[in-house]
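In the two complexes that follow, chain A is the common piece, with chain B as its partner first and chain C second.
Presenting the complex of A and B:
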């Protein structure tokens, strides 16, 4: 029994030595995740830090999947995601003692983009799927020039890829000839420099490239809001628990609901939530 | 959990890093480096060092002194998870331990002899469906427990890795999730007789009222086949029925083996109310069990509460549970091995606490205040455990 008492006393000392739970820095916000939501997060950070000199906000873009992992591992305060959390991520969060709270910050249309010289104006979802699964490999099969289609895709850890997979591919396997790139900006630049390329990006990454209509509907803020554009999606910021009102984290996550936040979202190229 | 190094190289290539990455992206991205076998393999494991002391009144010595045992033990586990294709994983895991199906502990102090390590997991996990909130998967081989459990469980020890095929499904929306699990589990393959099997089904519904509050309600049916009248399965070779009623079994030389006196078809109802209170997860849970094949001593009860989750550095978890398992409530050989020394025919209290000392390093303590052999009046059984767990 003496041995047990000694051990219990040791436990108490170890517990006291280690101290209380580490709290996050109230004046520092770490954001990680989607490259699609990244421009919104960066613009929000710039705006907020301009108004609050004592607050430091860092934004990383490692992909939606890695954003979820960062939140679960307490490596960030806000996970930006261009898709909702998966069941497996929710389960991992629960097991890690993380209460993942979902905040929809903006709406986006997945724009299918081609080189400006491409004469094609519209594709159906089935045609896009056929291109990305390798059933259609040449633009001439779609009435265009005899050019092999260069298929550009986001990496599979990307939320944009997940959205494209859900809305277009329907879990069909991507063609082995597809090139994978790490951001919407990289897709845009690859398409811009390659005549026969096709890619898909968020609305914020369409500058200089040609956007195609999908099923006869152009990807615009109006068609996204009206839900007539067939491959639209919400964009998210996840936090661990509900941020306390009055904190920098609360202000940052809820900026999308303010007039200034909506203007920033529009400036970036996305659609504010009404 | 760590990716093999080669995997990290590829990840770095496809993952952007920070702020200015978007606008400075390269005009053309080179084709990805060829993948190696290491890219698809994840290694994970843990190592637990445990001190425990046991006071067992059922084993008083000639001087009527309570049997006391103090020992240090280790448990090490290492598993490799290989991505076979987009829908399929293969998992192979090793654990310290011998033939005991419900413990990987190895006791220190036998002349520094090398410890045994055996196959703990070996299964294929096929994800047939993953669309939105709907999932359907099949596991085949030596698998993890496929059934929903709580912090404590009336049926199975946490270290049990059943053998056979399991199907797991779930679907729903933000408010309600429906779960369905089924198992085709081998217990004992017999040459000329009917094999002992477990055919089980489980259904549950989780109501997510708000993100902070959910209620899970469910029921499980465990149909053990061909146990009654057959010799008990005793990994210790001591003719031990782990609390269950027995009758005469086969005779082997001068030994008359014990045979199970009843069949087992336990039905378990369970509920769990999970909440977040002041930023801390709180769970209140319970299970009620009834073995529909036994005539008497066929009930089991378990109620408990847990507060916190020891995962992040500096976080804690603590909990309490009360458990009672009558003699023939369920098959004793697979129940929790810590409370009252394992098996059925016991009742008691458990309190525990865990603290995440450092990243991947956890300290834990548990105390069991139990009565064992309650069908004969019961004797005191107390057990205390102190754990240091390193996960990787």
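Presenting the complex of A and C:
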């Protein structure tokens, strides 16, 4: 008799557990894309999951290009991108039956960063372009010590690279000796440990490194909003079609318009959209 | 009871489990055997078909690149700009980068690996071997992304801050044993002709002179190495060392298998003829196991060529041929890192050349691995045949 009682008790507990899992609304949102917008998406996810226990949000950062591809292949619900979708990607989305809807989440300035011990304070856009195309190779040509400049760029997968290409390089080819890394955090880490390095990142990744002024303007939220910082760009979240009001997806994507969302964006380091 | 026994034996006779089988039972058994071996053959050929299909699908998607762009630019140009307005797909620098880090990895893994294999099979006592072999095999179990992370976050800044010192210490560690070996051998050779009375102190005098010269040479080498400043820690040297450590367990395992396969008889015969242990190892065992050791080296090289995460994180990914070509302190780009890094942008719809060039690189890697595998397989078989197993 005792054994049967124990068995029935176990079955009841298991049954209740299964019932609870089935009864709860298993809502899940998959976010993929830019490593620049990643910190914002992760902060949003943490905040949202804290308020709604039954929603599960996963955030990956494989690059803006990969994010667009995932959205087109229906592998994610939200594609975070630090550049607008290219025409070729929009065409591929159309062919796949995906209606890519753009949401501007925040504004970002591309900060040009160097090692804290670097003596430069300001660079013009032309000087940055010359460094990255290989015309200027040594810091002494810019009044610094005799050190070969270690040029670090994001790989071509990256939305940050595309923004940099459009705003600074103007499609000029990078020098052959430029190093490519896979994320904004990796650029920051390389610049922090290499004295002669120069790199470019979103505003969220400038902790610990020295940011240079570009054309005399420092990259701060104020200059980005005032449009005086010359290399600024919007950050996007793309969805397949407009999310229905009241769904978790709608709330997540429109978090950037609420006061709490704007506070989160400022915490991460970017500039909320008015 | 007795009735049970009788009915059991009659039943046994009817089932045909006695010595003489009926026609039907024999046919049944043959059919079952055929089905069983057919099933096993199907399962085995499944893995073979998987390899064939991989080859087919990669080749199918690589050929359009060569049809669109031809062979010349891909194999001879060093300009790798796949995302430019006029894209250029010159991969010579990338092939050189792959070759350079593989060469570096082989230089690290092969001497260490073969020495470790010889030690494990012939020199170390059994109790020590029981501890050392699993430790070496643990190196193979560490995930490659952990190696890559270590290379990027720990080793690269270390090379940048103390690169000169590390190279200096490495120079001493490699140079000192080599110098000692050379001095002893040379002084022995030179003093062989002398008479027995003079030989000992002549040998000591010669060794002293040669040691002083070697010490001076190593000191100078150490100073020049110490003066080298490493501008960028993510370079070919960083990746070569880490890849060498990753390839080490493969080389050690296969080389040790080859050395063990030579067998006890060979060793005992050599000792019986009066050879010392070093003579046995160097003159008898290693030549007998040479094809297997070559197979081990090739497998280690294959491991180094195919490694992606470590090179993508820590090699700098700069598509350039270092100046001069053996300068390991400059960043390089490998085939595997290019495929991994460019995958996201290379959409089938956007630019077909950009998509297919990655398959072309994958095909080159596949062909290289295939050839290496064939050569190592031939090597292992030759060792077995030589030793008569």
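Keep this in mind: the second predicted complex is superposed on the first by the 248 of 274 C-alpha atoms of A that agree within 3 Å, B and C clash if a C-alpha of one lies under 4 Å from a C-alpha of the other, contacts with A are read in each partner's own complex, and residues count from 1 in each chain.
In this section, a residue touches a chain if its C-beta (ideal position, glycine included) is under 8 Å from a C-beta of that chain, and two chains touch if they have at least 3 such contacts.
Bear in mind the structure is a predicted one, so any value in this text is a computation, not a measurement.
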Touching partner for A:81 - first (chain B), second (chain C), both, neither: neither
First (chain B), second (chain C), both or neither touched by A:194: both
Partner chain in contact with A:112 - chain B first, chain C second, else both or neither: neither
Touched partner set for A:30, first chain B, second chain C, both or neither: neither
A:203 touches, of chain B and chain C: first, second, both or neither? neither
Touching partner for A:39 - first (chain B), second (chain C), both, neither: first
Touching partner for A:69 - first (chain B), second (chain C), both, neither: second
Contacts of A:91 with chain B and chain C, given as first, second, both or neither: second
Larger contact residue set on chain A - chain B or chain C: B
Touching partner for A:60 - first (chain B), second (chain C), both, neither: first
Chain B/chain C common contact set on chain A: 62-63, 66, 86, 95, 155, 157, 171, 173, 179-182, 186, 189-190, 193-194
Footprint of chain A on chain B - complex, ascending: 11, 13-19, 21-23, 25-29, 31-32, 51, 53, 70, 86, 130-133, 135, 170, 211-212, 276, 279, 281, 308-317, 355, 357, 363, 365, 384, 386
Interface residues, chain A side, partner chain C - complex: 62-66, 68-69, 86, 88-89, 91-92, 95, 147-148, 150, 155-157, 165, 171, 173-174, 176-182, 186, 189-190, 193-197
Complex contact set, residues of chain A against chain B: 3-4, 7, 11, 14-15, 18-22, 35, 38-39, 42, 58-63, 66, 74, 86-87, 94-97, 99-102, 155, 157, 166, 171, 173, 179-186, 189-190, 192-194, 241
Parts of chain C lying in touch with chain A, wherever the complex brings them together: 78-79, 81-85, 93, 152-153, 156-157, 160, 231-234, 312-313, 316-320, 330-331, 333, 341-345, 347-351
